[in-house]
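Heads up: the structure comes next, in structure tokens.
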Amino acid sequence: MAGNTLGELFRVTNFGESHGPAIGCVIDGCPPGLPLTEADIQIELDRRRPGTSRHVTQRQEPDQVEILSGVYQGVTSGTPIALLIRNQDARSKDYSNIAETFRPGHADYTYWHKFGVRDPRGGGRSSARLTAPTVAAGAVAKLWLKQRFNIRVRGFMSQLGPIPIEFQSWDHVHANPFFAANATQIDELEAYMDQLRKDGDSVGARIDLVAEGVPVGWGEPIYGRLDADIAHAMMGLNAVKGVEIGAGFASVAQRGSEHGDELDPTGFGTNHAGGVLGGITTGQDIRVSIAIKPTSSIRTPRQSIDKAGTPTVVETHGRHDPCVGIRATPVAEGLLAIVLMDQALRHRAQNADVHVDTPAIPAHR
Amino acid sequence: MAGNTLGELFRVTNFGESHGPAIGCVIDGCPPGLPLTEADIQIELDRRRPGTSRHVTQRQEPDQVEILSGVYQGVTSGTPIALLIRNQDARSKDYSNIAETFRPGHADYTYWHKFGVRDPRGGGRSSARLTAPTVAAGAVAKLWLKQRFNIRVRGFMSQLGPIPIEFQSWDHVHANPFFAANATQIDELEAYMDQLRKDGDSVGARIDLVAEGVPVGWGEPIYGRLDADIAHAMMGLNAVKGVEIGAGFASVAQRGSEHGDELDPTGFGTNHAGGVLGGITTGQDIRVSIAIKPTSSIRTPRQSIDKAGTPTVVETHGRHDPCVGIRATPVAEGLLAIVLMDQALRHRAQNADVHVDTPAIPAHR
Amino acid sequence: MAGNTLGELFRVTNFGESHGPAIGCVIDGCPPGLPLTEADIQIELDRRRPGTSRHVTQRQEPDQVEILSGVYQGVTSGTPIALLIRNQDARSKDYSNIAETFRPGHADYTYWHKFGVRDPRGGGRSSARLTAPTVAAGAVAKLWLKQRFNIRVRGFMSQLGPIPIEFQSWDHVHANPFFAANATQIDELEAYMDQLRKDGDSVGARIDLVAEGVPVGWGEPIYGRLDADIAHAMMGLNAVKGVEIGAGFASVAQRGSEHGDELDPTGFGTNHAGGVLGGITTGQDIRVSIAIKPTSSIRTPRQSIDKAGTPTVVETHGRHDPCVGIRATPVAEGLLAIVLMDQALRHRAQNADVHVDTPAIPAHR
Amino acid sequence: MAGNTLGELFRVTNFGESHGPAIGCVIDGCPPGLPLTEADIQIELDRRRPGTSRHVTQRQEPDQVEILSGVYQGVTSGTPIALLIRNQDARSKDYSNIAETFRPGHADYTYWHKFGVRDPRGGGRSSARLTAPTVAAGAVAKLWLKQRFNIRVRGFMSQLGPIPIEFQSWDHVHANPFFAANATQIDELEAYMDQLRKDGDSVGARIDLVAEGVPVGWGEPIYGRLDADIAHAMMGLNAVKGVEIGAGFASVAQRGSEHGDELDPTGFGTNHAGGVLGGITTGQDIRVSIAIKPTSSIRTPRQSIDKAGTPTVVETHGRHDPCVGIRATPVAEGLLAIVLMDQALRHRAQNADVHVDTPAIPAHR
């Protein structure tokens, strides 16, 4: 499989380069009958859009999505949904000094060796801009999951660099540029970011995701496990270096008597599983956490080589995110929704006839 | 895709239940011309085999592999390689008391709701026994990677429960039951395990993997990234709850000026990337770390329900691993090899004609 | 995709060589809950088995199938079903004279160039023996289609070499070695075959297939059309050189006013469509016809080359089918069932929520 | 797989509806380094374009293709190539009388039952208009095959309705509206078509395809055979009801002594195989023939039902092709090229290391 398609039954094929004519995706496998408009998708894209705070890249892209196919009279027709986003503000001149060099920690070097074609403008296809189509497709998946199963997918920033961010309420997430579920630490985070920008450096972040209302039974062992698909999608997101489900790496030091979530008819006691056991959903909230590395495009001079292999020093100017993680939350939510929808359809194909008398245990007591 | 196949071009289809007639796999896509014997595969299976130390399950399975197809006169023929392992020692009677109950933290509950068929004997298909065919297929991949590219895939236990295990030398890994690359902490680990067994409890572990010699350029952005495939395979391994590449979750607090690996013609300075940038290999060692949760099958009484939904208490007797992580290393190595071989073939399909003059930077200075 | 897997959701992976230890398949995606025994599969295999009449190859293979996994207490568990058939009667010595030569019209030459490994014994993987696992998997599909949808898949020989065979009744198909739906032409066909054997030559055949009871709506335009999948499966069957749906090549000279099947509430008037329109089932009987070429393994001397490229003459002795088409009917039925089951599951995934008030038109008035 | 993607390594995802905003495709898997411009693709689209003769639909669509991604500085970058064709001339009013009825022999009825959404305008996604993106993708494949392997893919009409068309020379194909390789029968064909239009009826056609220069060894038995893939692609083309390879249905009555193509070092004697043996290319010309049924959209009144199931009579007015086959040749060529390119990449992945000393036999003596 030429690697630009995600999913088996709900399939998203992504295309575009950062400074090409357009970016977008084709969604194949969305069942017919889902009400869908460009506004539904635009809402999610606007959450991710650059230029919406001083902490993210100052490239001005309206990211207006156009639905080219797959929707008839405001409802999905069951045919492929092509979504198009034209690139508007591509200032190529800011990248001229890096055409011949490779930025440390960036994909320049690997893309050059793999493709033999160097598109230095804004990272070409390795750019985080290519997460916009993922968000668009994720919007469709979120809608269907909500309508069909009343599933809710949400995320928040749980750590910015060295600063843990306490979860206070979902209501705060939209009210600050960080997607933090917090109202009292925002000034601290803003100050930290301002200093970072002055230093010409960057930092990482941790994002947590929660999917509520997922029925028990989704996931296809042994290789098509739901948690495996989630890890695949998340680790495939630009700049992600780690993925955890439930207790994650804390499981290493836990004892079985502590880790295993007890259950009774009123619900599960704990959720160390993160909603997945044996690769299949339990009905508990699905809980994922991802580690995002610091951006490689910084003003600090770094040692590297150029295309001839000669040692050189690289400094990146132009418009950049000092913390890519700040805009990652909507993208990670979209990915989780895409994976869940794909697994929902797969479950429907294989297990639609399965009925057991055992009641499904509620997620929370 | 019915989820029992891993890979696109080097494809492994796994079959079998813990107490059925046999387990095994079919490997499709191994190129012709690779010398292969049952002994080559048996070596890897024996590393994983139960009953080889007092710290692992005492079920006695010889796990003798038989090659049913795909090899002619000691060399792969390019046709599917079917590997068969007959089940010998399946003592079903030890599981009779759990036929009607669901063990907390185990896949019993989720498999019941998904398939409507409860095979209580040894966990059925959710059993860790089904990692044996993965190891067998991984053995083939390891051979091909070694022969074709001189790639070496190895792993070791880096933490047992709360005890970090220092990496001293690869030479120690085979000399203790933990796959620890260490000679001085073994007694400490043995004592810890003995106490755990007395307590009737279990604990988790962390396993580190290293692949050396992987050329630059493997991986298929944006959704078929190599790190995404690695995460998929690892998170799909029984009991894994977290996956990291390179600096992993430490990246969150790192600054870009520290995280990005500088490079010069003599090599890379550091390896926070873990060998992957933009989803493509850099030529650096690929470094992966996984978190394995504690086993759910413990003697400690745990609250749960039975098939009718009635509250009950579960205690598991019989033969069990107090630490599943102890046997995970060969399986994780096999998975990493399978993913790398699949990506090697995909790279060969798409990028065989790419040649750039830039020298590939050595992994180490 | 390494080409040994058929299907997307009901997936069959075939393995084995004609004279290797065993042949078989792994079926992934069969939903749980289907009653299944080895006897159910053996019935279909016995229809195909060599040595059952003097008109087919005299190799004696019991073709006893063993279920290795995926069935628990007589019912499918929703996990992969591995089916094994051991090879018993492999007389390699009959093939010694062809080890270095390529038989005209046979896959020897192409397999040599593709794999660089020549297994001369019985054709290796190119042998028609490898249709046995397909029949086994087809048996499972037939059962599920019958149980779940009351679909019936049957075939018959409609032409033997130059002799058209009139369809008189399905009741005759099992009563002659040709799978002819005819009682009055059998002596004529037997005499023709005897002469052919004396001549040391071979001839082709045409097989017709009918699937009754398929609901309207299966098929996934534009590339996953049902007729496309049928054509793929059929043309992939050994020795097939042509596939028709409905009126087939007669459509070329037909006028639209004649070809288009009129419909009224009591049913369709004709069935030139063959049960498929726009790639989707109409509810009419699905009608397929395939052309099978004459076997290449004949006693008649033929010009060819050897492995060094030197001109030579080839005569094939040993046990061979003078008409491969004689045993093709059960295999073609199995393939049609596999394709239909795969499409059924795909339809269930994508279109389970679609309900229209328009009544489905009956297949026949 | 949601059925709108064709291919495994050279993958084409098609989107769009006949009267939606746009149609197009995303090509994933084209290797980097192929020179490609919009003009290269436009040439092929113009061959298919409606309104170019009085014998085809009079809808005026410029079918101007735009490359949205995947090409940088006139050369493919190895990233997905998105091709867009805006719909211009969509006269919906001509279809108002069929909104509630189903045309016999058309996909209206099946699409309604499958999707529950009836887009009556121009057939929605079932329209032959959706072959334009296939032609566009086929243009890319043709270029790559030519550049990389010097392969040439061409087709011609070999029969129009009841009239066989003699092959005289490839030079004539572009010089008449039928893609006939003939200069002396054109008037006869024109007269036949004029009468057909007066009668308000339609007729079928037979198209032959030839691929020259394909190396020996492409194809992936047993289910990924090249002829199987060809049949899949061809039978999936709108209005195709039959596919033949080489001698096709003539093989039925042929004897093995006649059918098998003899070979000597100077070449193959005949080509009944059609260039494929055992599912793998021989190096001979690949020869395919397809049967195209007559269009269902005719002025002749036909019995049918409406959405409520009530009997009705249907006459279709508006712009229609009296013979869909007239424009099929460029589409069928494109499909053959796509399949060959996909198989070329798959062969490169799996068999790149295979080298045998036996010389490849030339296609022609």
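Should a chain be cited, it is by its letter among A, B, C and D, assigned in written order, with residues numbered from 1 in that chain.
As a working rule, contacts are C-beta pairs under 8 Å (C-beta built on N, C-alpha and C of every residue); 3 or more make two chains touch, one makes a residue touch a chain.
Everything quoted here is computed from the prediction, not taken from an experiment.
Remark: among chain pairs C-D and A-C, C-D carries the greater number of C-beta contacts.
When chain centres are set by their Cα atoms, the one at the greatest distance from subunit B is D. Rounded to whole angstrom units, the spacing between the C-alpha centres of subunit B and subunit C is 39. With each centre defined as the average position of its C-alpha atoms, the distance from subunit A to subunit C rounds to 45 Å.
Distance between chain centres (mean CA atoms), subunit C to subunit D: 26 Å. Shown for subunit C are the residues that touch two or more other chains, namely 1-5, 8-9, 14, 29, 32-33, 78, 114-116, 125, 346, 350-351, 354. Here subunit A touches subunit B in the complex through residues 1-6, 8, 12, 14, 102-107, 109-116, 125-126, 130, 159, 161-162, 201-206, 216-225, 227-236, 238, 241-265, 269, 272-274, 277-282, 291-298, 300, 302-305, 307-311, 346-347, 350-351, 354-361, going by the rule given at the top. Listed in rising order, the residues of subunit C touching subunit B in the complex are 1-5, 8-11, 13-17, 20-24, 26, 28-29, 32-33, 66-70, 72, 75, 77-82, 84, 114-117, 119, 124-125. Contact residues of subunit C toward subunit A in the complex are 8-9, 29, 31-33, 78, 148, 345-346, 348-354.
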